[in-house]
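Labels for the chains are A, B, C, D and E, by order of writing; each one numbers its residues from 1.
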């Protein structure tokens, strides 16, 4: 393998990591604060992609509008879900929440099919990013760099939100004892709605970002959510840094793995997860249980 | 724990005998009452019921959430199928082998996965099962890849639907009764302690990891038998049997039926299969309908059907003896500590 | 019962019946706390003290009866609004936010607006050991340190009424002594308190009045002077 | 502070730090069989941490724990239970959705190594023993209640019952009467003393209630900032000015 | 001999009343849903046409559609229900071959004919073939070999393969490879990649392929996967660096639109504009009137499937399954794609495969194949002799 190949291969893996991170970050945020394993996160991502692609197709190519509007739509959907479903079950056992979010996967999946049909959508990369850049004498899609940049911005924004703002402190407080949090004067229902909407927003954003580089079709919800979970777990639940590193690991393992053992492509994510958890049973940046 | 309590307090032997007798009569009469396709639906229910009950030994009784139990179900099914297709071994022997094979595999996977706890454990089981899925999926020469193995031939006496039904009925009911005995044994009690409070369990002298491993193996073994029975039912196996989407089934079914009730998951299984079959008859959007039903269940009866049943029972009881039920219904309330990690 | 007239009643429970599931815990329980008054609620384990506090906070199932605070029925009021209206709660068992630092545990509070506002620094002055551990995760605190933190956290809300559930549990004698001083000082600043205690010596020292509760019912209500050494104290507490 | 021959429990140079914090900083301790030893000290002195180190909940960074002459340092909790050390927790740690009865019953079965039995119904096992323990701690009436639904004080009693079920040689109690009413406190300590005497159980306990400490302990060890500040009989400790200063407060005696 | 729990009534023969039922359990959810929906369109149109013409043997046809969600076990369950409760006379196949195999097994047990139009693993008709299964879709063998026959003329010597990781991808690519090696012993296969079905990220696969520097890349990626691959590959200058061919059908090309790489070689099963048969033009018009879109490959084949069954019934003059099967063996069928021979040995129609270089056109709102070629089915299907061999010793 030449150094150029390694470079190009790892850049491809990074772009993948970018998308995975954006998904995992939302999952980790929602899990961290609400203690809800949100299976429907992939569904929100799918809705983001469909809404984004539809906006672009309807406005004959206005990607920027989609980039703002679609995540907002998804955030609103997230708010709706939080208020109408999750809010009623925070105090239930975790598995009941799992049941609820799983049923949301079924519902949203079929609703998307009902609204958009089975047709897959495709939008083009916006013109200014449609170019290729030369790296090590090879053309590479500029859009990959856009994805990576977006992921980095998301990472920093979420980290700052979590550790540098009062909202972040409230969220971390909610992690352990939401009831007590209410009793010290924090409007917990509103906080939870906000957190879920932020998570949904990021998922929607990921959906729009990914849309130009692939086809938007049914089934991308579950396809992605499992991998995003793997990333979250590798990094350690509730840790943004972990999600970031986990995403990079998965991205690189996939990128190089397929060059050595193409037939194992299906399993790379899970092998990586098994190995990391085998070495560190609570993920790279997770907290060991007290 | 409500079952645990109940075993000491309610359900007098007589009412239980009557109940069992009625159930047995219905079970015997079913082949006369149902069409073949409906009878086979019942067979499917029995298979899933056994799987769910064995899964619930982990979920409801040990407090371990596995997201990868399809691996053992699938391995059980493939054991029957491969022994038949590669070596011409009778599926009956294959069924016994499926228990042995899953027991051995789950010993190693359990040992590995149990290094982690809680959600990490859950996702580690998922990872391990997906690796096993990939092996089955990719190993075309041996397993037939994603499309699997078809046309498994059963011994002659199982070639009629009623006979197949009786066979599956006997195997699954016997297995469930064995699991029930385990649940009510001191070992089962130790599992409950672990479920409630792993740390405290260790401090009363329970070797937590060891008990969890044994529970994992027992649960996986019976899941393997359930998978073996699936191969009897469908006479084909395919890689999807090991996939994570399949792993969701016992979880869902246990939650639908109620994970704190022993037969809850079995009832949940029956309902799940029925809904799946029933809804597809009327709509091609059955996932939407199923999702809506599940969501309602989660919102209104988070204790599953078992909660529904105990509410109904409480209402009946209230007429006669007001005192008795108070403990139980109080227990149904989630305690404040439940939400804490 | 010597109850002050209703104008000055800050908190009033009127014939509360509370339940856990179907088990009836509190029976027609009534009590009142006046502005700036310290009232203690004494009773054996399981008598219903915690349940009384939870009923006030809307965290227990109250099937009949009313809870008035500042003359308003607060039963439908969400917990955070109670906190912002000046109800501070000190739960039993050192219920801190374990994954926040000691400092964050204090900063997270959104309490009532008050002229003499509590600050993190004031709490640290009060409990210097906490100040030393300001940036440590509260989950690592010892039982007693948690108890101090929980009291400090309640103060951060600038409460007008403090609901205290066994604040001295697990505290070293020397700290209990300082809490005594603190509560008397707080009383001086006009903070009313409803204090559930097992340490009746402590409770009677800081309170104006006492209620004795047993099996979910108020059995005796009197001034602390009357309660001290009374038969009822012996009957209901076994001392 | 001499290491005595024939000590039941001997702790040598035990250290534990959390990050930069020296929670236990070189503790030596020796407890004789049959003794009732209290550990007191300001909040955060390291008492619970010391208990955690002895009972196997935490691994020490340095030092040794000897029990009946055998090194048990860093053994897992269940092994230490079987070696004969029982423990009750400061923060109540029970089996919320098991009944009170079952909780104690399981503790008995676990200690008797009868939990590896798969097909015998457990409902009828060790019923008398369980009932006896429940009666002893005054939980006879609550036997069928879910452990999570009894009051705080009753849960403390249950905590104790579970520890007693392990039939320990050494019973470690972390603030056994915290949260108990005076009536229950008196009753509980009386019971503990009685059971300890009858069964020859050695007691090691922390407590902030001085009446309990002085009424129960034979000897007292005072900890401060992770170290042993003083050790002696109840009277010696009562008189000790250093102890008064950091812990008791000036006018306690 | 079958050990199946066999039903007493072989549904099909006991048709009473004025209608006859036709069942279809296919994949209407998940990533293959588009094909399932398109297939249902084709079947619906065929049923409407037959009913408009007075039905079959004077009976109106009633279509019952079920969603299998791509799960074989659902296929088994639904088809069993369709046969035993609904008493359908015949079945139309699903999309996924795994579901197809499951349905085919139940059809065989219950002796009800099943007509495949989309799922196309060769195992369906060959290895696990039985009297009641018919296929009007180029199976993996036909399709792979047809591409090799056409591509053998190309100068390339090093090939790379990328396909979706499931039965279809592997079997079809194998057929291509074997035929290619037979026709061009000098061709080398330098690598393979198998992204999972429904993959959205092809970056690493693309760079891995480019790193191997093949002269040509053969792919049987399809649908949304192919759209994603194409878009991502463009940024890497993929199509300038290597020759590429894949399943660019009407659907993919209309989705890709301006993102289509000019001149890329496509192949598919029934591109309507490339079919040389007078029936197709009016039919496309009818389809557009009915559904408002141009037909992709799938409705055309599904339409043929229904009509093949109807033709069999008419010829046998009964709905009785065995008679219909008999009637169709060796039958010459007038399909939308022209005359088809249904081979007796495997009940496979000698359907053609189509290929050409993609370019834009003013006639249609999507790019089409230029210089269309078709390889006839009987040039590419499995020699009759091999069928018996594989039936005795199936590939697994």
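Following the convention adopted for this analysis, contacts are C-beta pairs under 8 Å (C-beta built on N, C-alpha and C of every residue); 3 or more make two chains touch, one makes a residue touch a chain.
In this text the structure is predicted, and so the values were computed from the model without any measurement.
Separation of subunit D from subunit E in touch steps, taking the shortest path, is 2.
Of all chains, the one whose Cα centroid sits at the greatest distance from that of subunit A is D. With B-E and A-C as the two chain pairs, more C-beta contacts join B-E. Summarising the inter-chain layout, the chain whose CA centre lies farthest from the centre of subunit B is C. Separating the centre of subunit C from that of subunit E, both taken as means of CA atoms, is a distance of 74 Å. Between the CA-based centres of subunit B and subunit C the separation comes to 48 Å, rounded to the whole angstrom.
Here the spacing of subunit A and subunit E, counted between their Cα centres, is 35 Å. Between subunit C and subunit D the centroid-to-centroid distance comes to 29 Å (mean Cα coordinates, whole Å). Of all residues in subunit A, those touching 2 or more other chains are 109-110, 113, 175-177, 179, 263, 266, listed in ascending order. Annotation for subunit D: residues 149 touch two or more other chains. For subunit E, residues that reach two or more other chains under the stated contact definition are 28-29, 165. On the subunit A side of its complex with subunit C, the touching residues are 166, 169-170, 172-173, 175-177, 179-189, 287, 290. Within the complex formed with subunit B, the residues of subunit E that make contact are 2-7, 28-29, 65-67, 69, 71-74, 76-78, 80-81, 83-85, 97-98, 101-102, 105, 121, 123, 128, 165-167, 170, 396. By the touch rule above, subunit D contacts subunit B in their complex via residues 55, 57, 76-79, 81-82, 87, 89, 93-99, 101-103, 105-107, 109-111, 113-123, 125, 144-146, 148-149, 162, 165-166. On the side of subunit C, the complex with subunit D involves touching residues 20, 23, 43-47, 50, 92-94, 129, 136, 140-145, 147-148, 166, 169-177, 198, 200, 237-239. Residues of subunit E touching subunit A in their complex: 28-31, 33-34, 36-37, 165, 191-196, 198-201, 203-208, 210-211, 223-225, 227-228, 231-232, 234-237, 255-259.
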